[in-house]
Amino acid sequence: MSDIISIPFILVNLKTYVESMGERAVKLAKIAEEVSSSLNVCIGLAPQIVDLSRVAESTKIPVFAQHIDPAPPGKFTGHVLPEAVKNCGAVGTMLNHSERRMRIADIEAAVARARQVGLYTVVFANNARVTAATAALEPDMVAVEPPELIGTGIPVSKAKPEVITNTIDLVKKVNPRIPVLCGAGITSGEDVSRALELGASGIAVASGVVKAKDPRSVLLEFAKAVRRAET
Amino acid sequence: MSDIISIPFILVNLKTYVESMGERAVKLAKIAEEVSSSLNVCIGLAPQIVDLSRVAESTKIPVFAQHIDPAPPGKFTGHVLPEAVKNCGAVGTMLNHSERRMRIADIEAAVARARQVGLYTVVFANNARVTAATAALEPDMVAVEPPELIGTGIPVSKAKPEVITNTIDLVKKVNPRIPVLCGAGITSGEDVSRALELGASGIAVASGVVKAKDPRSVLLEFAKAVRRAET
Amino acid sequence: MSDIISIPFILVNLKTYVESMGERAVKLAKIAEEVSSSLNVCIGLAPQIVDLSRVAESTKIPVFAQHIDPAPPGKFTGHVLPEAVKNCGAVGTMLNHSERRMRIADIEAAVARARQVGLYTVVFANNARVTAATAALEPDMVAVEPPELIGTGIPVSKAKPEVITNTIDLVKKVNPRIPVLCGAGITSGEDVSRALELGASGIAVASGVVKAKDPRSVLLEFAKAVRRAET
Amino acid sequence: MSDIISIPFILVNLKTYVESMGERAVKLAKIAEEVSSSLNVCIGLAPQIVDLSRVAESTKIPVFAQHIDPAPPGKFTGHVLPEAVKNCGAVGTMLNHSERRMRIADIEAAVARARQVGLYTVVFANNARVTAATAALEPDMVAVEPPELIGTGIPVSKAKPEVITNTIDLVKKVNPRIPVLCGAGITSGEDVSRALELGASGIAVASGVVKAKDPRSVLLEFAKAVRRAET
């Protein structure tokens, strides 16, 4: 599935902010698409599950679910079926975000189910060791986010650079093919540059874009940082 | 919110069956709308969360979420925000279905959040006593479903009529204004008639409609049973 | 089981404080026993599950588990079997404490299992409405504790007296036979007096006793407040 | 902590069987101690948490908790504090058994907490890939048990030998120092021999011993199989 996502990758998680709900999610998708297209940087968007089909229909950039359940089709009222996520046009899913932590056996089963239906997986984790463990579950990508920095505006790449480098080292030992994103507190192009310099294959961001006065200019700054890193 | 839902009420839960996913959910909504309109019986539909907006846009019948989370807007990746459910056109939500059981404090909080954003609530429970307890949380409606009969085709109204009558008795003591649905194993008009005779304010159904060879004829049979009960 | 517990009742929850672990739990049980005996006030103690048998063997006062699971005997590794709790000498169990919230169906099942093996149940809840709902599950006693006051030293009986009176009113409507404890922030005899004046059948306390410089004098103060209330 | 546990290791999980509760747990511990001592084979016992202190006091063989919570001391009513487990004489803990699955971040935190207080950790998992992932969390030992075989009497070492060999291969790549137990369906010495031949560092057993007519003869058979394997 490497043709869907190119690296460095920027993943924008819309969480359950009202600022990024419904039509606003569609609008953010259009902004992300413009920036992605003009600077040729891969940007993905993870709207609320409720908004997934609406957003997927309205954009060409890769759209991710924020979570899927490992359950098979059938009697699973209230669960998020991988087939339904794929069916509505999403290309992948986040798993085990610190706001939606999963049991280890369920992460493995969800990764397998995602592969079965053709969804790309990004498994999140809270520190280097847990990220390395998730890498053994063979997802397409992993992402490390120290929970204490999420939503703070204090960038992991500046405040805890060793989390990024340790994670990359440990993941490499377990499975050297798996790209590592980092996230938490990222709000500026400089934060992105720093993350890439440390070896990250991209970044995950939420409030840094969603809560920004001008999400377009933030995304532009991020994308330019990515472009600079590649030259 | 009594103008949204009229009693007797038929609630069709699409669960995560592939037979009721995506476009098939829209098709089932259209069938339900026709039957509802031609026989003047209130039929609600609860598609997968992923399909919620698509279904809500395509029909006039009341559309329900299968679950909402009690969380406020914000940092709740992978959760189902009540505001997002309302925003996409749904009129209500199921809560605490036996395939998605909730902590009691979360049910109460979810009912309160639903009321806050204007969503109608149907709280499910597994037996008479638990249903009575949920009635104390002041939802708009409750539903009792013995889990051992769900999806069996053995109708609760025939196999365990005392579950329905006991539930109605206990709920009445706690809160006499709350209508009681019953469900599990209902596949025929006779099952519906029996449930209404026992005092239920309607029924909840899933596989009985979704897995039927001809969902339209099943829904028609159900609706006719409702009409007969009213005369 | 009304012969085990007399009202007004003081329930001391040892939580997982190191100050109340192992031999210190036994010591606190002896202090509680002395105070209980000298002032003829019913005091119960809920040590950690690990310490349950050790404490139950060493005291005559009623010993409670902090939690049981609703599971039957068998393949439930890591769960707390009601039979095992009974077998080690405990007389009852707490359920659904705000630090160990349960699904509503599991609370009902746990209450039924406790009754089956002869354990007294005290179901905790976070507000008036949820407490009333738990009363419909027919436990022996309920307890209301606003989570935001737990461990603060700001007594619920002073800061939020309406929580206590509303809870008593709502519980009375659902099941007038069920005594209502209140807890959160209680540290002085005055707090206890206030709670009893408001109609509570006793109090639940943790840090107010466990973290006190002199737990004996605190318990004595509590017991005296109970005695005064009865005259 | 390699001096506590020697390899090959037999871990007897008493689950929540009534046959292995209270005094019967103590009796089983004595039997295990005799067998362990007479054949010089390391046998550990994991009684219910309620029985932990009673069993630990009565035996010299290594006693394990069936589960600990990762929480620090304090406000965690109903949780299993690592310090309390250590304090009562247990030497280690099982984690993530298929009947008590944990979130990945909680497994990592529980392993770290266990190390902090001096408890040996055996992390269970349901298949080769998940076991490899848990190995990245740096526990002292891992154990693979296909859930579909647990309690069946169909031994994993015969029915699914490839699960054992694949697990050992994958764990070796992640962390070659971590011994791998296997379990599920093991009831005879032959099953144990087979497991050791396949490369396992020991076995986990529950009903095979607890539900046996003569637990002593079963444990003797297991221990002899271990002795034979070493020569």
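Residue numbering begins at 1 within each chain, and the chains themselves are lettered A, B, C and D in the order written.
By definition in this document, a contact is a pair of C-beta atoms (placed from the backbone, for glycine too) under 8 Å apart; a residue touches a chain by one contact, two chains touch by 3 or more.
Since the model is a prediction, treat every value here as computed from it, not as a measurement.
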Centre distance in Å when chain A and chain D are each reduced to the mean of their C-alpha atoms: 37
Chain B and chain D, separation of their C-alpha mean positions in angstrom: 45
Chain D, residues touching no fewer than two other chains: 98
Overall pattern in which the protein chains touch one another (line/ring/star/complete/other): ring
Set of all touching chain pairs, with the criterion as stated earlier: A-B, A-D, B-C, C-D
Chain B - residues contacting chain A, complex: 13, 15-18, 21-22, 46, 48-54, 65-67, 71, 73-81, 83-85, 87-88, 94, 97-100, 150-151, 206-207
Chain B - residues contacting chain C, complex: 96, 98, 101-108, 125-127, 129-130, 132-138, 170, 173-174
